[in-house]
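Both complexes shown next keep subunit A, but they swap its partner, so subunit B is in the first and subunit C is in the second.
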Partner chain A sequence: MIVVGVLSCVAALTALACLAVSANQKRQANTLIYGASAAICGVGLACALAALYSGAASTVILPLGLPWLGMHFRVDALAAAFLCVVNVGGVAASVFALGYGRHEAAPQRVLPFFPAFLAAMNLVVIADDAFTFLLSWELMSLMSWALVISHDRTAENMRAGLIYIVMASFGTLALLLAFGILAGPDGLYAFSSMRAHGLNSNYTMIVMLLTLIGAGSKAGIFPLHTWLPLAHPAAPSHASALMSGVMTKVAVYAFIRIVFDLLGPIDWRLAMIVIGVGAVTALMGVLYALMQHDLKRLLAYHTVENIGIIFVGLGLALAFRANGLAAAAALAATAALFHVFNHSLFKSLLFFGAGAVQTATGERDMDHLGGLIHTMPRTAIAFLVGAAAISALPPLNGFASEWLTFQAVFLSSTFPQWGLRLLAPAAGALLALSAALAAACFVKAFGISFLGRARSNAAQNAKETDKASLTAMLGLAAACGFAGIFPGLFTNLLAPATQFLTTSRMPVQAMAAPWTPLLPVAASHNSYSGFVIATCLVIATALTASVVRAFANNATRRSAAWDCGYPEASPTTQYTAGSFAQPIRRVFATIAFRAREQVTMPAPTDTGAAQFLLTLRDPAWDFLYTPIGRSVDFLADHFNRFQFLTIRRYLGLVFLTLVFLLTVLVLWA
Partner chain B sequence: MGITGTLALQAVQAILAVALAPLLTGLVRKMKARLLCRLGASIFQPYRDIFRLLRKEVVLAPNASWLFSGVPYFVCAATWVAAMLVPTFTFDVRLAPAADLIAIVGLLASARFALALAGLDVGTSFGGIGASREMMIASVAEPAMLMLIFSLALVAGTTRLPDIAAFVQSPALGLHISLMLAFVGLVMIAVAENGRIPIDNPATHLELTMVHEAMVLEYSGRHLALIELASSMKLLLYVSLVSAVFLPWGIASDGASAAQYGVGTLLYLAKLFVAANLLGFFEVTVAKMRVFRVPQFIGAALMLGLLAALLRIVSESL
Partner chain C sequence: MTVFALDMSHFLAGGLVLLSFTLLYQDRLPPLINAYAIQSLFLSLSVAWQAQIQHAPHLLVTAGIALCFKAIVIPLVLHRLIRNLRIHRTVETVVDIGPTMIAGMALVGLSMALMMRATSGIDVLAREDLAFALSVILLGLLIMVTRRNAVSQVIGFMSVENGLILAATGAKGMPFVVETSVAFSILIAFIVIGIFLFRIRERFDTVDVAILDRFRGERL
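Now for the complex of A and B:
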């Protein structure tokens, strides 16, 4: 029974969390806790892979929770695919933390919550009734919240924690309402009974929108993403990696579980909403990211972008499925799921890199870094691979999944509806735009932090990070390469999950020879082979290098940089994060963020400094949160007088409410 | 034709890409010089330049890392692989199943990513200006390219380059407004991506508006030779791409006779010659635009791509 295996892992992680509470003052606690969680997640991964290969669902009901309900757990193909993501992330983060966690100033604030967080994410994925699901979901939110505020000395982190907990509660409320409608008046909380009875189309729409809000706020869709760039960087880096790389994927899982599985058939108009939201999220995420100079915040905003790409894939899958185009739906779903997996790999890797940099230099601000490729060469290599993978460059894995997404967009001409036919190419254009901007953003992230000359003493004197952290980073980098070179292996592995979601699957990718190209749909002429591209690149590079070595002058001399003859200037004259993004800011952010530059020059004879002022407005705050906050304040002020009434008036209010509700009930019938 | 035959053809196309690329650059320069009433250097000058650079030693800045010295090899290799995937004189591209048009764009993006990083590596402001502008231009040009690919895929039903070209070559092809719009858009992108006037001036070295040349300013010797070769190959790639997709006449199909291959090669050379002349003519007739006008120029290409896709969608459903 695979589900029992996963539950045992959850139990072991919970026990580990309890142990951590008591043992966190011991010197070996760090190694013990993280070593054990790596091992347990490894077992969880093995269970998940076994479930994916066997393809059979396994269920169990525990006599816990609500007395008439019990706790239902189930591992089917979809859950197994996400269990893989959770546990791969768990293993990597635990191994990284073996080294990274030793630098923690207050380990007792991190150690107990880390295994509990992993346990909660595993539980969400295997939950099979609404009660268990919401309980695990809240547990996941609370444990990650505890990790966010683990460094509670800075006001910034506390603010991040506050906003996170508010948004998380709001998201759970939306999910609670969605499950309430799904359960219906009879209170059928088990997922199996929700599946069995359908909903009418109005309720379907409400549930889908509520799920989009509830799961989407956790995943970080625009404009519900605002907590994410605050909370993810505030946590310690291995927890940031889990939150950004894995927890957002658990939210995507929640969306898929409810919308694809529990909700039954979806109208194509609703799919259009998902595609539109996804495309806008992708573009806005990357534009936000480009404006950042805090390395971890940049990465957090990039999670928003990638969630957008995933949602475009999911929306296309919904649209294809609504039209009975099963093969295309399978392609889109595979693209989304593969991107889920890929993003968990490279986003974890990049957060680890940022964490290693932060440990070595104490800096997250890119404008104080630079030249780290000399002092931290191995971290630089791992970060470079992650940056290239997230920028969707062949032959790495980010390209493979974006290629599949584009292939799904190209099939949009088969849609019978006009709206979808026009929307899909527009979404494709936005995806292409965000992919290109992502490349620019990661040239900036890697180039400003790791290349050039050191901009501070901290960066100058940085030391390479420890072996455990390096193992985790290089392992993930190798995984990014492997998944990019052999994407067929992964799409085959995801086939049971897409079969479950769309009643079809991508064509079986023959893996007899490694150079067999990836085929998106059976009848397609399009194909891509990461292996051949990688081999050609290696051969061509080797050939070029050997020809140059044989025939060219191989002498190399070190001398001052040419720089058009300008004298050697101080490292502060180098391009910074802000100046690198300036052209893109002028092209895109003038509209998106109302970016304004103001230069104040001193008078001609004045030797004072000139001033440069850049203002950016955040549309999500300006148009959504600030008005909401204001109206809450306003209402709170005006309802305040209800606090000081006499008992007679309170009873009168109760009576009036009762009359009102009874009237509503009578009219409703 | 057996597997050795197709592999040999692929090898010929790969060698052709390297061998002809500097010639194309030389032709463009010659044409520009003649139009400006100068004699101009020989069309073989780019070859001489590359060999001269190969004979010179490399001067590295003190803090140049391994990335700086490694990037030219990678850029040259990635551009070369991309260039050999574009049909030149035959559709029989052995590697075509491994990489469709999106993958070719991806390979070029990889090369650009690496080069932009190299621009930042030495830590001079010229490298930074080049890298940041190059990425800004790419961020508009790449979606435009993707939209053009999308409209081509809508017309031809595939993103694999030889199949698109074969579709255009087939006599069944009617009049497609979409294809014409895509043609104009692709030419605009080709001009932008290769840093030609009016986007960038490949002949300047000390001008604040320069993009590509600023990025590679610190390169010297064999590294610079490889980068020059790579940018010539990129120009050749785009010329081959435009001619393969929109003017595929004469390109030999699978299993053609030796004579057909000969005709294909001759026609390909003729197309290169015409393209070089047109590009040279275009470059001397327009002025370079301000760098912040560039997004508008490429934005027009993006709109052409969207319009082409839209028209195709509309015409399909009528």
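Now for the complex of A and C:
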């Protein structure tokens, strides 16, 4: 029974959390807790892989929770795929934290919540009734919230925590309503009974939209993403990696579970909404990211972008499935699931890198970094691999899954509806644009942080990070490379899950030889071999290096750097994050963020400094949250007077309400 | 059930409604208390009659409680209270009698229309009784809303409770413990309110709630 194995892992993690509460003063607590977390997540990963290979669903009902319902748990192919994501992230984050956690100023504020957070994410994925699901979902939100506010000394973190908890409650409310409609008037909260009885089309639409809001706000779709770039950077880096790399994927899981599995057939018009939301999210996410100079916040915005890519894949899968194009639906679903896995790898890796940099320099602001490749070479290499993967450069894994998504987009000409035929390529174009912008963004992130010269003493004196952290980062980098070079292994592994979602699967990828290409549709269509590209890259690099070595002069020559004619160039004259992004900002952000630049030059005889002022507006806040906040204020102000009425008026209000309700009852035909 | 039994229970319940109008009409406190005593007497008679026709002897206990406390003890105490507070001669400025009476009639019409619709298909006795009971409750609330004196608000509250008892006894199979606990809770409420009235009076020299509002320093 695989589900029992996973539940045992959850129980072990919970026990570990309790242990952490009592043992947090001990010096070895850090090693013990994170080491045990890593081991338990390893067992969970083994269970998940076993479930994926066997393909059979295993269920168990525990006599806990609601007395007439019990707690249902089930591990099927879909749950197993996401269990892999959760536990791979869990292992990596635990190993990273073995080293990183030692620098924690207040470990007792992090140690108990970390295993509990992992346990809650595992529980969400294996929950098989609405009650258990929502309970675990809330537990996951609360544990991550505790991690977000673990550094409570700064007002910024407390604000992030407040916004996060509000948005999380709002999302849970939406999911609660969705489950309420799914359960129907008889209150059938077990997922199996939800599957059994269908909904009419109006209810289907409402449930889909509620799920898009509820799960989407946790995953970070635009414009519900606002909490994400605040909360993810506020947590300690291993928790940020889990939140960004794994928790958003659990939200994607919630969307898939409800919309693909519980809801039954979906109209293609609803699929258009998902595709549109995904494409806009991808573009806006990367544009936001380009405007950032805080390394962790930039990464958090990139999570928004990648969630957009995943949602485009899911929307395409829904649209293909609605039209009975099972093979294409399977391709799109595989692309989305594969990107889920890949993103969890490289996003965790990048957050670890940012965490290592933050530990070494105390800085998250890129404009105070620079030149780290000299002081932290291994971290730099790991970060570079992650950056290349997230920028979708072959032969890494980001390219493989984004390429599969594009293959699904290319099949859009088979749609019978013109709406989809027009929308899908448009979404594809937006994806292409966001992929290019993401590459630019990571050139910026890597270039400004790791290349050039140090912009601060902290960056100048940075030390390479510890062995455990390096192991986690290099391990993830290797995994990124492996998944990119042998994507066929992973698409084969995901086949039971896509079979479950779309009643079809991608063609079986023959892994006869390492260079066998990936064939998403058939041999007549496009194919991709990561191994061939990797080999070519290695050969080309080796050739170039040898040619350069052969023809270059061996003698070292030192001379002043070219500095626009000014001597004594200070590090501040280097490119900054802002100046690097300026061309893109002028093209896109002038509209998207109403970016305005204002240059104030001193008078000709004045020796004062010139000033450059940049203002950006956030459309999500301007058009959604600020108006909501203002209307809440307005209503609160106007309802405030009800607090100061006389007793007789209160009685009168009660009386009038009663009479009004009775009258309505009388007039109700 | 005989026609006479039905007519009698309707007569008694209707009498309660009529006495509610009397309560609504009175603008001096002593007659208001007397009207309340008579209403409580009608309530105890009505409950006793229900005990007779429903063959439910425990309802006689309820009737006894209503008679002792509501028809005799509470009115006597209230009379003493207003004499001690020296407000037994004041004429209360209420909302105009005319509109209040018309509103009261509208409320009775509303409760009739509602109950006739809501209870179609159940026992004919309970139907009428529930309609009358709802009228008494709404009229009691109207008294509480339109009066300014704390004592008359208390009487409105008690009259709401009379309506509740009427509704409870009209329905067959009402647990005895519920009736007695309601009766005792109303007694406790009466004692608490009585003590509060003296405290208020001690502090502010008045029991006119309009004047009390001024002490709260809030807008009226």
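As a working rule, the second predicted complex is superposed on the first by the 619 of 669 C-alpha atoms of A that agree within 3 Å, B and C clash if a C-alpha of one lies under 4 Å from a C-alpha of the other, contacts with A are read in each partner's own complex, and residues count from 1 in each chain.
Rule of thumb we're sticking to: contacts are C-beta pairs under 8 Å (C-beta built on N, C-alpha and C of every residue); 3 or more make two chains touch, one makes a residue touch a chain.
Just so it is clear, the model here is predicted, and its values are computed rather than measured.
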Touched partner set for A:I647, first subunit B, second subunit C, both or neither: second
Subunit B versus subunit C as contact partner of A:V443, first or second or both or neither: first
Which superposed partner A:L665 touches (first subunit B, second subunit C, both, neither): second
Comparison of subunit B and subunit C by subunit A residues contacted: B
Which superposed partner A:G285 touches (first subunit B, second subunit C, both, neither): neither
Partner chain(s) touched by A:G308 [first = subunit B, second = subunit C, both, neither]: neither
First (subunit B), second (subunit C), both or neither touched by A:S527: first
Which of subunit B and subunit C A:R557 touches, first, second, both or neither: first
Subunit B/subunit C common contact set on subunit A: none
Complex contacts: residues of subunit A adjacent to subunit B: 370-371, 373-374, 377, 384, 388, 391-394, 399, 403, 406-407, 409-410, 413, 418, 421-422, 425-426, 428-430, 432-433, 435-437, 439-440, 442-444, 446-448, 451-453, 515, 517, 524-529, 531-533, 536-537, 540-541, 543-545, 548, 551-564, 566, 569, 571, 573-575, 579-584, 586-587
Subunit A to subunit C touching residues, read off their complex: 641, 644-648, 651-652, 654-655, 658-659, 662-663, 665-666
Subunit A-touching residues of subunit B, taken from the complex the two chains share: 54-63, 65-67, 69, 73-74, 76-78, 80-81, 95, 97-100, 102-103, 106-107, 109-110, 112-113, 116-117, 119-129, 131-133, 135-136, 138-143, 145-147, 150, 153-154, 157-160, 163, 205-206, 217-218, 220-222, 225-226, 291-292, 295, 302, 305-306, 309-310, 313, 316-317
Parts of subunit C lying in touch with subunit A, wherever the complex brings them together: 107, 110-111, 113-114, 117-118, 138, 141-142, 144-145, 148, 153, 209-210, 213, 216, 218-220
